[in-house]
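Labels for the chains are A, B, C and D, by order of writing; each one numbers its residues from 1.
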């Protein structure tokens, strides 16, 4: 019985190019030789006992337990820097961000989890961000927004406990304030003027923006459907015309000429 | 040292002529004690299984409810009691309800015959071994009915597997029991325990005992449907086998009887092969035997039973499951012939008196 | 010639094939979509005769998300993260397959460092994927403990990936033009620690499972698939190699740095479940070899060749490239019309074709065998449904 | 066999096969009628021996009003690859099935029928693969629409 498993493959031997650097491995199967009835039984039983030795080894060594008791070990639980849990804005020591509202991240996001709105009346510069909305509920944590951002505004941080009771709260406003970027703010000498240019933003206040967007989307979808239907009708009409034209020429070549005209 | 065996049934008999009402009270107390024991035993076993399996697998197991999860089983019981009890629409409702009770009753009936110490035994029948074998067969009826009445193909498959498996392995288990009966010369369980006063049957019989013990353990594990013989449940094959359609209290009956069957098996194995409540005695070495007698017999029984239960758990958390035809082959082609040969050899040993401390 | 569109009802209401008067009644039973050993939402309609399987009809689509259609609406870079969700146990391989076809079509240059990192993480993920498979295989055969050991060792690799990539499952790491991040400073040290650890655990895997007599009895001669049938049924990866065909794209069409490393291709002989088991066990050892050769020799260089936000333009035409994931050949057909988003993307996923073999294998076996066969194919259902 | 030789060899079998441009694999455009015969010969010819149908997919060229079917063949014994391209009419997309040549085609063609609506003649079990039996429409077609589709907002 054991010979079978070590025998060379009979069908379709591996082509030579596969052998290359290492070659194909066959055989060396740790197969229990059951050629002798009694001996085979004993070997089989021994294999069972060696398995039992492995498991009892772990039972005897409680140090091998790897369970982490999660809520209790919050203090010691350290997630790596790159861990993708929640998108966050990089605010510098003054609390200023660098987002210029270039919308590269919004465009790169595969599923519209980032929605950026600009201030209607910018205080200082030409374009100022109003809200940077990130939808955790539709985010796939692909990290694309972080790597495409030319100013390093975004980062993923390890705050992974983000459950809430209302799913509308899963849309976060990431920027602390609506207003110009750090470089512009730093040019303003007067601290009062700086404060006036900045407007506080609530991290959980994004759902109004999303609802407005959804409304727009519904309207657009209706329009798209109408466009699809029109395109389909046009295609069918074109096809009908072509068919008619294909059938027609034998009978009425003049009619075709009229159509073309 | 001689052991005064007095069962609860005998005590009731003693009480009956003088004060019949006390006797009735005593019977009621005994019933209460057995029920309490069954419940407690189930709780402990489930907790032990979860902890042992966890540490086999580098886990911690239950840790939250109570100290190291001690109250986890109680919490689970409450959860099971509060769950909705569903009887499928197309099920045979009467049998569906009856099945877990039957399964539980079979286990409970065995429980009263187990000698746990000289004074803790409900009834000591002179046909104890026969009774245990017969009554423990009731369990399979519950499983078969449960699987059939559920009106679910997976359940039916599980029940059929269980039926074939339990009835087959009963043969081998009985053959192994007979070896001990031969050596002890009695079917009475307390008699078998007392016959091991000079040593346990597992080693006194030149190998016959250990072979019979191995067969009994394998066949017993198969009878109580535990891995590697858990084909009736086979969660990766049959989702949950015969109890797929059970929920809440009825499921917990199946669950509890499965665990208590494990206790019954371990208790039987320790009674027959490991001396039951009898301390570790070696022949007539009085000093050694005297030291061993310092531990009370009840504790000896508990220790031995726990050891056997641990062994069964160890099997479960190490081995994969056999296939259904391999299971049958193991029984009819391997265990049964070995069992028969073993029985004949034992008979020869008994006739010739060729075993340790004979007579 | 006739086109006859059928339904599932028609497919499973066929006449019983039993002809003997002593034959028993056959019946249908649904295995799945909620079943412990279909590993997800796969549904198999079984025609059973007692315990014997007479026919298997897989019913798919419970997790079909239309990834191919979604791909047509985004740009090339946005498609990469979608394929994470196909074979989620080998997300890096999926990323690389898409990246490879885009880079090949758009003729993007890469450095040796990029290729070395890609090769390394993919091989580590091959080990990771096989570890999980090993555990699940044990569980499907009724032994629970291997599952925990497999996951325990997998966790070590998850930690390594967490540090470098930041994700545990849906990586989106390999991008057209490079890799998202350079490797973490601890990467080399961590991988070496892991290799030392895992090499001591592999013999334990063997003791617990491979050498166990029950496992061998359960797997030997079960679910045989001859080399001809395996090829005809389109099987690839370990399933094909277990049947005796040494087809491994890492050898035959080396990509990444596979041409520079020395490794063997394990090949089975009979194509039964045991061979598939053994091929995967051996592949873990070979992957360790590959990682060992590369880990000290990661060349220096850039890790991203273009600006991450740069638009990718693929010349019009049909492009195809394929690679060897832990489960077989993952090919991506990319049809471009020269615009920013693909005109059509089709993924030839390994599990889709491998699952088709189950009908061939399972007929005549028992339910327990069917579970072993399903597990030995190492199915990941989202990879089938896409 | 390298690509030019391969194309020449196949063109010897099927003289009206033309080379498809803009691909990175050797690709031949063949008519639908002789597909089964050609595939059988490609599989059985010892010099070609395409034993693996690696992938099969359909492309909806809606502007040109046709479907293009791609059959990606591979030979493991010889290590060469070939793609067959078949064009069918968009209104009546019927092609012969390759089930009898490559058994895997049964699934690949079912997928293609399910999502693209290609009809395969003589297919033994042509039914939906992913979607329900009563699904209306073929989602991968470019003109497919249903109420669940979301558009990316501008």
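As a convention for this text, a residue touches a chain if its C-beta (ideal position, glycine included) is under 8 Å from a C-beta of that chain, and two chains touch if they have at least 3 such contacts.
Keep in mind it's a predicted model, so treat the numbers as computed, not measured.
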item	value
Chain separated most widely from chain B, comparing mean CA positions	D
Chain B and chain D: spacing of chain centres that average the CA atoms, whole Å	63
Whole-Å separation of chain centres (CA-atom averages), chain A against chain D	31
Length of the line joining the C-alpha centres of chain A and chain B, rounded to whole Å	54
Separation of mean Cα positions, chain C and chain B [Å, integer]	45
Residues of chain A whose C-beta touches two or more other chains	12, 15, 17, 48, 51, 54-55, 66
Sequence positions of chain B contacting 2 or more other chains	56-59, 317-319
Of all residues in chain D, the ones touching two or more other chains	76, 79, 152
Pairwise chain contacts under the document criterion	A-B, A-C, A-D, B-C, C-D
Chain D contact footprint on chain C (complex, rising order)	1-11, 60-61, 64, 66, 68-69, 73, 104-105, 228, 231-234, 245, 247, 252, 315-322, 329, 331, 333, 335, 343-344, 346, 348, 352-353, 356, 385
Of chain B, residues touching chain A in the complex	52, 55-60, 63, 314-315, 317-319, 334
Residues of chain A defined as touching chain B within the complex	41, 48, 51-52, 54-56, 58-59, 62, 64-67, 69
Of all residues in chain B, those that touch chain C in their complex	53, 56-59, 153-154, 157, 161, 227-228, 230-231, 234-239, 317-326
List of chain A residues in touch with chain C within their complex	4-5, 7-12, 14-15, 17-18, 20-26, 29-32, 43-45, 47-48, 50-51, 53-55, 66, 79-80, 82-84, 104, 108, 110, 140-144, 147-148, 150, 156
